[in-house]
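Take a look at this one; I'll ask things after.
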């Protein structure tokens, strides 16, 4: 679309050198992943100096309207910039426009909007592609021959979930020897993940592999498989990198984890926004990349930086 | 305290009656309204952004859907029932409205009619379950809540309904002379339902059934038909609310309205409705809805994290109802 | 009209020879789980008659009355109005047949005002198109209620008071007033004066007499024998869910009635 | 139908009384139990995996927590109340239990005591809000639900509590002679609560308060104290349940138990409890909990998608309660 | 003990000269919102006396009785037991003082059995350690209940029936039986026989007499004047929330009582 330059030095409510107040909004509060985003954002703020990060979000990723309201409320507060992850790409597009209309620059992290205004950058990884990779990993791990696999999704109807499920399924399509025999949601609850995995295992005694699409799903699936004494016999490809997931990876319960770089998302979001506000650097999208962590590479320095990000040694290049 | 003599009823002037009735109602909304005003003033002082046209506009638009659905919930609560299915039904209506626009090219008005129809149908199911199958409302609507959400997922394939024309946003994001369209609709709905409840036979029966269902039945009220009517009307409003919500985010969201029922029930109860039935007024409910909205809005403006917000919302719900109960206890009308 | 299981009682219709009874119950059986409250109860009221229905506590009087009012549907037996068998599926049906009832448990809506209760189910609507939309004429109802209560000599703070705030007797007054206002054919009063004061009781009995004089039929349940002998034309006695006796009020004494109720003597005439 | 004569009470034999009481109770659980058996047989036929030791073991362990918390909910429902805060409180208890193990090195038993203490405290808050502040239970526990979840997020920083020793899993994953430890605890709790409700003064008062609070008060029952006691005891069970849930997944999960309240209320009502109070039994509730669990288990075994599952669960809830109501109506005990 | 606002009545204690009244209300005011149900009501019962409390519907009798039983706390005025001012904050306090009450609205728990209701708040526990844990002795309660009801001549299907399934009179019998079993000092009966049959009424009056003979005091609210004159020693009349008269039952006629209640004459002696 046409380029609208709304964020020139003229329009900002900002005194370029003064203190900045940025709103950083995750899809939802309440997961290790988003806390890492927060850490990255705060790290960038601290390094830039004189920047306050206001961290606020809805409680579930499905509360799309709640997030629209939240963004509106931040616009009302006239923060200097908004960095956020859209719970729903299209539903949040008007909210982004509203912010821009109020001369508040916006940067998206993790998930963008659709349409995405050209002045709004996106710092994210491609869920769909990464989930496709996960299918490939699963196929590699299982090797030739026919195998039954299952999918533990987390929140049907939420966008990230849909992207991962679709990405995984289309990735799976390349492997006719893998048959998807079960798909159940965990609702981002470990107990629930464990319950559905147990039941899937009962119904499919020959199950050979599971792809679990977020932290809670992975943990519940791993526990169910362990409780059924099938650890190592059922391959788990997971997502995210909560401490127990890493422990599972080390012990061999989990074969591989798709790990995004949430720290970098938060860091880029704030860092680029501050530079934009202070130095008028145009905002440009960047891929924050995914890492496939396995038992083999887990101790490499590069992976360590992603898994245990700290502001002293940020996983940002 | 000027003690009112136990005079024979006939001597009481009609005007005095009116006045008393009005005063007693006003007192009933007093607590919630006071809380609302206090909060409003406090926020005006605490945040420079609160008392801006934009912010008030936003609060209005944000609260519209909740208020409409809370009005529906209030009707059901007055009958002594409860409707847990509002969230699912609103999602179902919104999603259906969006689908008929996207896939069948319905104009907005027709799509809204469809959404309302979906709501009415769900209300009819609730009503028949309660009256014909005699399932207690809590359970009947719990079932509808579960089944309704399942239906939403089935018809959408668990993917949001996108690709809607810009015009779809009118209901939720449009405005008339600077007032959000959604607020105008809410006002019309609120006045309409309030009128219905307080001035018409339909309203009278609604209170009567909630007060004593058996007495209503013995008084010759066709309670089955009438109760079903209340659920259907509530469904109509929920359908409308769901459509506005969809319009606001320009898409049909299958996950819309999860745990919405708790918010709207809280609004009704804060506004003086009794879950035992027979009591409740729309004015109070609207005040309750705005009270909750204001807390949420204020929390963001004052940079209070969502976690503390939840604690604060909990405490405010307690406080509002506590003071209301305290006031009632002093009246001891149920002594 | 099937032959009723209690056809025996047909032979007793003599004292109202020319027309069929206004309201009649034949062989009514009503069970609640394993309790049989009515076991083939019969009951008759003729036009312009005041019939007292008496019986011990738990004899089944209220159950019979609820059956006659459409609140309960009988398990067996039939109800006849003007000689024609009817089915009262709901209280609406009974009201349509002109049967108006004061229930022992009153059945008033606590949260509604006195006026609203008096007009419940029969609200006065505004005239004109607004009325057709169901708009209430509250003023008319308030005035009507005030007058009706005044007539019964009831002292009530005001007609807009919710019923919940009334004393036991005041509530009963409201319930009685409601039935009396609306009755056109039969008024059934289940212990209407149990909670009433002396003055109010006298007024209710007055109203009963006037209703009878206006050609209405009255069924009165009461445990107050002198009251019954004073006002009733006829007495029907229920015992253990069955009619134990039919007596003319001017031929009996309190002791006869008590004996019939408790079954300690055999004054009963119709018992099988 | 052998009509029972209205004989003077004294002539009735004690044995007959007992028998009748027992029969009438048995009938009350009849519907749910029948449904359970039918479903059980149907699933045994439909899926070769259903009737396996492993699967039954799993169902038992999966249902344990729900059943314990449903028992707690039943007590509250019998008093005429409702506890919406069970999910939040269970999460709070589980998370706290996990934290004291991880950060303070508490042994499992001590941590369980702490979790139970947290539950009891939350129950005390609920109880005092209901009795002293006289806030209706729905609202009091709605506030606790919101505030409790906020607290969980605050103390965990919204991150799961990980890094627990293996021993932490004992409650949730251990077993005794092949029976899951959690199932044993559930059985003990169920028998204990059932005994308490049916055989003790505490139970008698619980039913009395739910049947007619004012009558209970006038009968000299210290309703404030006793009602608070019921909420505290319910809290204790919820705390225990939360700890078992945490133990089962070897971590403290801040998201645990969202909308758990609906499941446990459904279990209680399917089992014959009345939301108006005064009625309900633990046997029925446990049956209700297993009925729901079986539906969920069967749906996965038969690979029914979550969407259809929700519709099916909705329909089963309707059906179970419909038949129960139908049966009761025939008894017409509330005529 | 502060001088009571209605100290005037002290001069009337003569007829029970040697001991202070067992239960006494002085200057009780009780308001419900803007309705003043009691406006300085006084009331006295001496030891071994049967005092009838009468008054028109809505006069405030039930409110006064609830105040004496700890259900309502008065807004003004004081209650004295044996001459000592007390505060009944809850019904428990009143019961502790030996005051047992049958309420006009009965206050029974519908879902509980007849036996459970009779023993509500005073359950019989098993002996031994189990009893200390609160284990009920259901058998003992069933037997006790059956005996108590038999004594009152109540016909009830069986003592394990839930109260919800009883007739109006049967419920009242249960409530009366409960109060009578437990009273030790004062029994207050608010229209106890309103729904009772002739036999049951006679039994209740019998029990009242026996209670008096055993030294207990009885307060009886009733609208049945002959009944009152038959059983009461003294009559106190309440009008518009105040005591309008104190009369000796053997000196008055029904007409006197009615006149005192309605205020149509000036037989009242103590009115200010």
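Chains: A, B, C, D and E, in written order; residue numbering restarts at 1 for each.
The rule is short, and it goes like this: a residue touches a chain if its C-beta (ideal position, glycine included) is under 8 Å from a C-beta of that chain, and two chains touch if they have at least 3 such contacts.
In this text, all values refer to a predicted model and were calculated from it rather than measured experimentally.
A.B. asks: Could you run down the chains that neighbour chain A and chain D together?
C.D. replies: The shared contacts of chain A and chain D, listed by label, come to B.
A.B. asks: Return the chain pair with more inter-chain C-beta contacts, choosing between D-E and A-B.
C.D. replies: Here the pair linked by more C-beta pairs in contact is D-E.
A.B. asks: Farthest chain from chain E, going by mean C-alpha coordinates, please.
C.D. replies: Here the answer is chain A, farthest from chain E.
A.B. asks: How many angstrom lie between the centres of chain A and chain E, each centre taken as the mean Cα position?
C.D. replies: So the centre of chain A lies 72 Å away from the centre of chain E.
A.B. asks: Roughly how far is chain B from chain D, going centre to centre by Cα mean, in whole Å?
C.D. replies: 30
A.B. asks: Using mean C-alpha positions as chain centres, tell me how far chain A is from chain B in Å, no decimals.
C.D. replies: Centre separation, chain A to chain B: 35 Å.
A.B. asks: From the mean C-alpha coordinate of chain B to that of chain C, what's the distance rounded to whole Å?
C.D. replies: Centre-to-centre distance between chain B and chain C: 42 Å.
A.B. asks: What parts of chain C, by residue number, touch at least two of the other chains?
C.D. replies: 32-33, 35, 58, 154-157, 165
A.B. asks: Would you please write down the residue numbers of chain D that are in contact with two or more other chains?
C.D. replies: As it turns out, chain D has residues touching two or more other chains at 4, 6, 149, 153, 158, 306-307, 333, 335.
A.B. asks: What are the residue numbers in chain A that touch two or more other chains?
C.D. replies: 29, 59-60, 156
A.B. asks: Would you tell me which residues of chain B are touching chain D in their complex?
C.D. replies: It is residues 84, 129, 133-136, 138-140, 142-151, 153-154, 158, 259, 262, 265-266, 269-270, 274-275, 306-315, 317-318, 321-322, 325-326, 329 of chain B that touch chain D.
A.B. asks: Per the contact definition, I'd like the list of chain E residues that touch chain D in the complex.
C.D. replies: Interface residues on the chain E side: 69, 71, 90-92, 95, 101, 103, 106-112, 114, 116, 120-123, 125, 133-136, 138-139, 142-143, 145-147, 149-150, 154-160, 162, 164-165.
A.B. asks: Write out the stretch or stretches of chain D touching chain A in their complex.
C.D. replies: 47, 49-50, 52, 54-55, 58, 62, 65, 149, 153, 157-160, 162-163, 173, 245, 248-251, 253-258, 296-297, 300-303, 305-307
A.B. asks: In their shared complex, at which residues does chain A touch chain B?
C.D. replies: Touch list, chain A to chain B: 29, 54-60, 62-65, 68-70, 72-78, 88, 90-94, 102, 114, 155-159, 162.
A.B. asks: What residues on chain B touch chain C, complex-wise?
C.D. replies: Residue positions touching the partner: 4, 6-10, 12, 14, 16-17, 20-21, 199-202, 204, 207-208, 210-212, 214-222, 277-279, 333-334.
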